[in-house]
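Shared chain: subunit A. Partners: subunit B in the first complex, subunit C in the second.
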Partner chain A sequence: MCDSADQPAIGRHSKRSNNVCHKCLAAKPTLKIRHTYYCQSCFLKAFVTKVRVALGKVLRVPPPAKPRVLVAISGGHASRKVDYLNTEKKKFETLVACHIDEGLLFPEIQSNAGTIKQWVMDCGITYEGISLEDVFKREVMEEARPLPWLCTSPTSDPVESVYKAVFAHAPTLTPQALLQQYLASATKLSTREDLLWHLKQTLLHQMARKHRCEFIVVGDTCTRLAVKAIAMTSKGRGYSLPFDLGSGAEWFQDVQFVRPFRDCMDREVVLYNRFQGLEAVHTPSSTTGLPVKSSIDRLTEDFIKGLDRDFPSTTSTVVRTAAKLKPSQEAAQQPACLLCRIV
Partner chain B sequence: MPKQCELCGAAKAALRRPKTLQSICKACFYTVFETEIHHTIVQNQLFQPGDRVAIGASGGKDSTVLAYVLKTLNDRYKYGLNLFLLSVDEGITGYRDDSLETVKRNEQQYELPLRIVSYQDLYGWTMDAIVKEVGRKNNCTFCGVFRRQALDRGAMLLKADHIVTGHNADDIAETVLMNILRGDVARLQRCTSIVTPGEDGCIPRSKPFKYTYEKEIVMYAYFKQLDYFSTECIYSPNAYRGYARAFLKDLEAIRPSAIIDIIHAGESFEIRQGVKMPVQGTCQRCGYVSSNQLCKACVLLEGLNRGLPQLGISRSALAKARPHLPSSAPDASKSEMAPAATTSDVRQKDTVRTGISTLDW
Partner chain C sequence: MASLALTLEFGGGMELLFGNVKTHKVTLPAHLANDRPTNIKALIGWIRDNLLQGKPELFISDGTVRPGILVLINDTDWELEGELDYELKDRDTIVFISTLHGG
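Up next is the complex of A and B:
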């Protein structure tokens, strides 16, 4: 079928035959990830190992303490694999799965919150459901206790400070109305996507603080991180890339992000779920069904995925390049932004 | 009813400024366009009075506008510069010979002395001959590497103190994106600097159009009816760069400030400590600035002269030729990939030694 065997051997992997799995060197390969051919069982093993190693590298605390972990679940392919944490449950002090319901943004579509809750409950993990508009609820903020550096003045209470800054102009509005007003103030779709992203990050932080978790596990894949890196660069946020795509530990001190799928492409995660018979739910985004040029994030996604088809190492190169950046000294000394929590 | 100019309010608007989307008249456009470049030059202290400045002139829109604007500003603001046009003849029949005719006309129009240096004289090879050897796939590597040195050598012949090139904001934004996509952290850090300092005998070179949009340059050239040459190079354009360019144009359509935003992002990137960076030295053979023992131009030239044109481009060709070469000269972007993993491994081992438990997954 393929005449590649007749071609002269060039490059790093020249000695490997493409007719057998590159891992076990016995079975017939069924899929190709980057430049490597795998059989199904080898792929599944390699994938699980990769994710476990990525998790194990980061989820480390001084003994005898155990890590307290919050897992962010959107219902998509990457977060569908929450059950892998369940098998290791005894290694955690706290394990909470948090789903942010964006139902208010898409009233015409039935919410997936019920299905996701069921998955989580089936795994025996504590479920924490929260709606996007809850970010404007005072009690949510009270529970989370923002860090003192969010104060607008050195003597004021952090919650009071944030509350005043955000709600001073609209004390009587419901959280739903506030969210709608807030998003309507962004006239461009790219800006609205940014606001939504920041709100979700804030909510995850608040939930982690509520449950006293020091780690937030998110399902960002290599593909998604590469898209984010290029999109943020395109929006002029070069200085905050290390905060937004890294663990954020240097900045947020009490909570850090963990990305076990950092080295996996979207395709790998989808294939894993397919082989394992795991189904994901479809969660619409602001640009679902819209043309490519409708927002910067959407355009970047199309660009990176297109490039990755022709040049298969693009995404991992972008992610590795972004990992080599550090927050600027200047940024760390300035007062923080109330919205994105960065200078 | 036609719109009034948003800046002066007096004349009719003639165009929509790509950078700010303001409707402005021609006179205001000329003023803002030229003043912005003047501010860039003054704020970054690009020149000293009495400097001999070589303008890299290809005959294209950017360099033609650069020559015209620099001459105008030099007269208007009394910079006290001696301006020269410097062209490189790559030896591409049907492209460079025509564009050089344009530069020769510019020489008359702007009354600036012109110097042409050719690949044939400097390296003994024209691009036509190189393409015959290497094919169309990697010829841009040769052309780009040789041109950089050729400009420096030409400037030395002119006894210039400074070289200016017509790189515009779009070009720089595109380079930032390309360097991220290629993982070239060393270049990522320096590609946004407006002036490359002249160290080790190199002549400083700068980009006065760093904040000037390509669209505005085209508009300026069009309204001023400048004489420029607008044909793409006949040898294939770089496919990978083409993707980045198309992406940037789409981004600009969504948000015009995206180009400046990318440059700003590029300026704020800081490289983490411990990331291996190439150390700049000088080429053992020609003395030009280089990260390896031999500069890229010498490696490429050696390949051409020995009948191994892939040398300096493909790894396997390099490996075969390695015993004969004093330098391994690997590609900078590739050599930087591995160390990141190594550093984190070392850090992990250190942490394990210090008693912090690693979960057994």
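Up next is the complex of A and C:
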């Protein structure tokens, strides 16, 4: 007669004990990522390997050339561990860390630019600090040449085109005043967040071109990408997901985005920093301290974080599904929008 | 009456809800009014009543911390320690870190 206690366990992980780390099978676990229990030491090793592999897959150029890389640093959790690039510095021809200072938008909060600069300098990486309002400076645009996607017509000069479009009505305003006027025109917080996001993407592109970098490394995690995927779809920008969340290589032949944390959840990055004693700076956003329903992005973030807590695999499923979307062949041939760079 | 000396840490922008102070040393009674040991659920209520200076909904949702706030008990994910039911011990360090964009 068959004893129920001797029945083989059903399911892929049902035999694993939750009292020991699932990697080393010895130490006491201190955290759980999806359905796997890790001790602190195994988690740190697994995290670093995951980020290195993600970077190594993408940062490739035909030898003997070496990749030229611009790292975007906001000062938040994901950008705190900038030294992961420094350890492999010899593999790069250029390595520049770029911080966009949004101090003008949050005058009540002390700027973190000095702290971030110090982190970068301590790692021996070239620092490039720029203010958000600099997006309206003509010399910043000039340095970022060539801008093939910024032409309003095939024969016009790119910088001249943008200047006519942006400054024709206000030739005497300072970049600060222009930025404030520009954002004041957004009546909804969701719109304001979108405008800010596009401005920052544009600045990063300009900085990458200035330093002749072909890769822009950003700290978007799996959680952040899932939030963007759902939020953009709800705003009617689902069509541009391959561009906004992908590498963008189909649009810009000279620059593409790299996301080494795209397989890591927010909490993994935070836990890594905590265990390594790395303290991020607080980077405020337009919805800091505001209720959940203050913007579409904020509401979506609350939804995704709630999902992540109860159903830990759903977030990565959202990102993997969004990553399957591919732009059409014709899309890259069309003239692009001056503001969002999409056809 | 026995008491618990605890260290509470707030990060990722959560410190703004607590007077911009990241570390708080606090003392709580070891047992609640119903004579049961003080647990994390009671601690969260105590923090809301005694330490919180910002809006409660930015810290608490449905009797627990809001989604997106990571809780560590002595550097161990609280999920492995029983979450709200973990019975606090003297000299425990409880860390609350916001993973939300913008804090």
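As a convention for this text, the second predicted complex is superposed on the first by the 326 of 343 C-alpha atoms of A that agree within 3 Å, B and C clash if a C-alpha of one lies under 4 Å from a C-alpha of the other, contacts with A are read in each partner's own complex, and residues count from 1 in each chain.
Keep in mind that, in the parts below, a contact is a pair of C-beta atoms (placed from the backbone, for glycine too) under 8 Å apart; a residue touches a chain by one contact, two chains touch by 3 or more.
Just so it is clear, the structure is predicted and the values come from calculations on it, not from any experiment.
Once the two complexes are laid over each other on the shared chain, residue contacts for A:287 go to subunit C alone; subunit B is not touched. In the superposition on chain A, A:321 makes contact with subunit B only, not with subunit C. Of the two partner chains placed around the shared chain by superposition, neither subunit B nor subunit C is touched by A:16. Greater residue coverage of subunit A by touch, when subunit B is weighed against subunit C, goes to B.
In the overlay built on the shared chain, the residue A:117 is in contact with neither subunit B nor subunit C. In the superposition on chain A, contact of A:52 is made with subunit B only, not with subunit C. Contacts of A:271 after superposition: subunit C is touched, whereas subunit B is not reached.
Once the two complexes are laid over each other on the shared chain, residue contacts for A:198 go to neither subunit B nor subunit C.
Of the two partner chains, subunit B is the only one that A:239 touches; subunit C does not reach it.
Once the two complexes are overlaid on the shared chain, A:306 sits against subunit B and subunit C alike. Judged by the document's definition of touching, subunit A residues 292, 306 lie at the interface with subunit B and also at the interface with subunit C.
Touching subunit A in their complex are the following residues of subunit B: 176-177, 179-185, 188, 240, 243, 247, 250-251, 253-255, 257-258, 260-262, 264-273, 275, 314-316, 337, 340, 344, 348, 351, 355-361. Against subunit C, the residues of subunit A that register as touching in their complex are 29-32, 37, 40, 76-77, 223-224, 227, 266-267, 270-271, 274-275, 279-280, 282-289, 291-292, 297, 301-302, 305-306, 308-309. In the complex of the two chains, the subunit A residues touching subunit B come out as 10-12, 52-53, 55-57, 59-63, 67, 88, 91, 188, 190, 229-230, 232-239, 241-242, 292-293, 295-296, 299-300, 303, 306-307, 311, 314, 317-318, 320-329.
Across the complex, subunit A is touched by residues 11-13, 15-16, 54-55, 57-58, 66-68, 70, 72, 75-77, 79-80, 95, 97, 99-103 of subunit C.
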